[in-house]
Amino acid sequence: MNVEETILALNTHFPALAAVSPRPLRVFTSFTEPKQFEEALRFANGTLGYHKGKHIVGTDEGEEIGMSYILSNDENVLLVLRERVPKNAAHVRSMGELYPSLVLHEREMVDLFGVQVSGLPEGPRYPLPDCWPEGEYPLRKEWNPAFFNKQTTTYEPPKEDDAK
Amino acid sequence: MKKKQERPGGLAGLAIKNLFRKPATQVHQFGEDGIQKGYRGRLLYDPSTCINCVMCMRDCPTGAITIKNAGTKEEKQMHAYLNLGRCVFCCQCVDSCPKKCLSFSSEVLLASFDRESLEIEL
Amino acid sequence: MGLLDKAIAWGEKKSPWIIHFNAGACNGCDIEVVDALTPQYDLERLGILQQGSPRHADVLVCTGAVTLQTRDRLKQIYDQMSTPKFVVAVGTCACTGGIFDSCYCVTGGIDTVIPVDAYIPGCAVRPEAIIDAVGKLLATLDAKEAGK
Amino acid sequence: MLLSILKVLVFPGLLFLSVYSLVLEFVDRKVYARMQNRKGPPWYQPMADMLKLVGKKVIVPSNAQKFVFSALPTVSLAAVCAAFLCTPVWGETAITAYSGDLVAVLYLLTIPTLCHFLAGYNSHEVYSTIGAFRTLTQMFAYEVPLFMAFLSPAILAGTWSISGIAAFYHAHPLYALINLPAFFVSLLTSQSKLERTPFDAPEAETEIVGGALVEYSGRYLAFFRATAIAELAAVASVLAALFLPFFTGIAWVDFALYLVKTLVIVLMMVLLRATMARIRIDQTLRFFWSILTPIAMAQLILNLFLRGGLGL
Amino acid sequence: MSERNDHKVVVPIGPQHPSLKEPGSFKITLDGEKVERAVIEIGYNHRGIEKACESRNYMQALYIIERVCGICSHAHTSCFCQAFEELAGLEVPRRAHYIRGIVGELERLHSHLLWLGVAAHEIGFDTLFMYTWRDRELVLDLLARIGGNRVNYGVNTYGGVRRDLESELMADILRVCDQLEEKLKYYAALALTETTLIARLKGIGVLTPDDVRKFSAVGPVARAAGIMADTRIVEPYGVYQEIAVTPIVDDHCDVYGRTLVRVKEMLEAIRLIRLFVREIPDGPISVRAPRKLPVGEVLSRVEAPRGENVHYIRSTGADMPDRVRVRAPTEANWHGMSHMLEGFQLADVPIIIAAIDPCYSCTDRAIHLVGGGINQLTDWESIRLHSIEQYKSRGIDPSTIKMREF
């Protein structure tokens, strides 16, 4: 399944993805809702033969958290499928059974972005230390490392008056 | 060593040979003789041409270097301070300096016994 | 007795055994520490041996900026060593946190956790610099002795 | 009386042993380093190591039996010293020669191994316990060929005293050649006894013992190290007395010869150590049982026959 | 541990790890001696680099990226620069591509030599370990002369490289290549005919081609399973667009196969370096790079010594990146780790871990034992001792699990 075929197939089945290829061996798509994303992911895995889950790039999209799943196939095309969930209700389903190699990255989304991933197998936290405070997600844009006290490992944002 | 059969002790020949060869150990390590040409060591600073553009400070990835003007705006008295405990010897500051007043030496033996004395004036 | 003490002090200087701990380094300084043991630098010629057990070692050679997760482990290893013991911070990271100092998961230098006797700046530290620093550290023992 | 006390304490007794074992350790480490194309430690290194360890604080693990923990290093060192005193250094008679001392030496030399085992076992640390059991297992592998190889020359000489054996071969130097296979076997088994590569499987570290001694520090560790190097010296001089018994009768020349002989043996051991990978423990067992034991056995039988046949 | 054979024991190995994202710790559940379940627990080395990059300008970020790891620092900067250049639309001069290629292959040589030494060390070949590391100095010496540092060479910058190669230096590179080739052939022959080594590596840590796909393993791990996962071939970049790499694959699927692949790759790297030095064109070594990137995102990859390295940059048009994501090769290989470990003995664990990427520092991690009544802090050395004990019962080489000088 080369780039052109992938784009054609994706755009016919999921026009909302608006798949494009900025350069050879890359296919980027735009953000979609979790439901449609899951369908697209299953489609990519089953029909298009993108069996390898490379990694997940989490991004802060302002009010939402974006998750870009980077998949690959035997022809080494990198396909980026993405979903977007609201920050205050960030919740997605684990794709671990389709892509065992993505479990680690899903854990990372849990720790670093505070996305709840249901269906993750039991396991240790990753990558934050055990002493990390609950509810602090360092890779969200509003989280400022300057307010993090490393000795006590607490996050101490400035008080009301600074925040107005 | 073309023989392909499995056998132990294949190094014996080489080991005995080495016994009579000079060891590979370099013994001049307390000087700087062993340092390659162009090695990026401690920074050097020439205040005479510095124009206080702070390009070096902006590009330093660790914030190790500080350039200060102790004089007036017209009559500059430039000083550069380097925190050796932060500098990663990348020499980006040397590359970024438009006036080439920074350069690197091959001085690498910089150990010190307290954290304060790592901060030096260049 | 004085003679024995002197002999012991001499032995201390001539036989610093090291244990190496990586507290979140980038690997760079760690390869250089191991490198210092191999033929080109050969720390053994200065009496330095690498030990696996903290109980046997005199000098804790520590690399890395101390991530929050390794902090307790570092303390534990330090506590297990028998006195007299020394800590050498190898690399810019170990000195102050260096390039990772502003990272949220890094406490910033070995001395934020345990007392450090010698700092070796460098990224990565050259084996020469490690050897030089251990030499200097041992020389301070001389000075201390002269002082007392 | 005073003279013999001096002999035991100074030369060629304990003082000599401590100096000479430090020398042998230096030779061992230096040659090893040079074979690896390194410069190696300076001559005073073994001494510096010892002194430093003596000056360090001792930590006794909280769950170890304190008395046993501290007694073991001393016991093992004492055993090795006693063994060494039975070997001829100055001239062809040892300080404490008596009939049957060869057997005594063999038993004395197993004491450090047992102490090792107990040390690991008593530390109550999971892995040092495991290290201890390994030491014991390896002992069972080498002990039989070792005994047979060491006893072969004794049988030929018809005496159980090391000094007596040395005297016998001094009188009949060519008979020493008969014992060459036993020499070969005993060299390898000694290597294994000293837990040196390629038979150092039970030991993580050759110079500073890992495994069983993980919990040891300070002067107790120093004692164990001293044991290890004294054992090297003792084994080398036993081997020299048994298998390389060439004497001139002039005491100082014999002493020089003794030094040369032990050094040659140590050098052979270093070469083994430097050029081989550690062989697997099952291979060690197989090697000892199926190759070395038959050789040692054949030697033993041959010597018995010769003894009877020659009517010696 | 024999007295605890009836227990199921959980053995967590390793508290910390030398490099970003690969920091590893495994919670291994043992049934008797068999690894029943291995849970990877990583993050000990998590420093927060990606967040730090978001508050640095691109120039500063480059040096942080370089320090993701000291062993493949050039691969990381190459990848990051390549991403930057793609987004900025910079045309890198050909000479710069060649210099990057030379440094990249030298890095591969040093990294694989390091690995071979560690592997030799693990099987008790201390002398061979000393020799390989001694010869590795030749490569480091060159790298220090090219870049100015032995580890974080700092060769790359946006739009090219920072220093040119003088002809004298190129002659020296060729000379070192000749020296190394001879030595490598000797060591390779020695290492691959050694009885104990083969017995120790064959059939251990199996990862079949299907598993490779499933766990998306990269680099020598994938290539040892017969899958041609080499970015230099599947997506040629830089100098590899002009000079092709000979594919190196192997079908042993185990630790032994990974050894073969690495050894062959070293010889291939020498061939490539010679070619690069011979073919290097004259011309400028860099073009001026902008301080800001246009809005956009880019996904870039290069082949590091241990496999494919993927960098993601998203720019919002400022002089700082909006998001940087680094996926280092070892990170990709962790996924298959538990699979490789499960079913083997505890004693195999160190060598299997070492075979994906022996960034050796892990070996002096302490080990924390819990469960089965054990609660002890012990060191890596001890787990080797334990392994030896186990091997005894299995009749396979125990002694190889040993780490002396480390």
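Labels for the chains are A, B, C, D and E, by order of writing; each one numbers its residues from 1.
Convention: a contact is a pair of C-beta atoms (placed from the backbone, for glycine too) under 8 Å apart; a residue touches a chain by one contact, two chains touch by 3 or more.
All figures in this text were calculated on a predicted structure; none of them were measured in a lab.
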### Task
Return the chains common to the contact lists of subunit D and subunit E.
B, C
#### Entry: Farthest chain relative to subunit A (centres taken as mean CA coordinates)
D
### Summary
More Cb-Cb contact pairs, comparing B-C against A-C, go to B-C
### Message
Need the central chain here, defined by C-alpha centroid distance to the all-chain C-alpha centroid.
### Response
E
### Task
Take the average of all CA coordinates in subunit B, do the same for subunit E, and state the distance between these two points in whole angstrom.
25
### Task
Go ahead and note the Å separation of the Cα centroids belonging to subunit B and subunit D.
49
## Note on the structure
Cα centre of subunit C to Cα centre of subunit D, whole Å, reads 35
### Summary
Going by residue number, subunit B touches two or more other chains at 8, 10-11, 15, 23-25, 27, 61-62, 88-90
### Query
Which subunit E residues touch at least two other chains?
23, 43-44, 46, 48, 51-52, 55, 63-64, 67, 125, 127, 130-131, 134, 137, 149, 152, 194, 196, 379, 381
### Residues of subunit C touching at least two other chains
38-40, 42, 45, 52-53, 67, 69, 80, 99, 102-106, 123, 126
### Which chain pairs touch, all of them
A-C, A-E, B-C, B-D, B-E, C-D, C-E, D-E
### Message
Could you list, by residue number, the parts of subunit E that touch subunit A in their complex?
### Response
21, 23, 27, 39-44, 46, 48, 50-52, 55, 86, 213-216, 229, 234-235, 297, 299, 301, 310, 312, 314, 322-323, 325, 327, 331-332, 334-336
### Task
Using the touch definition up top, name the residues of subunit D that touch subunit C in the complex.
29, 33, 36-42, 44-45, 47-59, 204-205, 207-208, 210, 214-218, 221
### Task
Sort out for me which residues of subunit E touch subunit C in the complex.
15-20, 23, 43-49, 51-52, 55, 63-64, 67-71, 73, 114, 129-131, 133-134, 137, 140, 149-152, 359-361, 364-366, 377, 379-381, 403, 405-406
### Interface residues, subunit C side, partner subunit A - complex
67-69, 102-108, 112
### Query
Which residues of subunit A touch subunit E in the complex?
23-26, 28, 51-55, 57-60, 68, 70, 72, 74, 76, 78, 80, 99-101, 103-104, 123-129, 138-139, 145
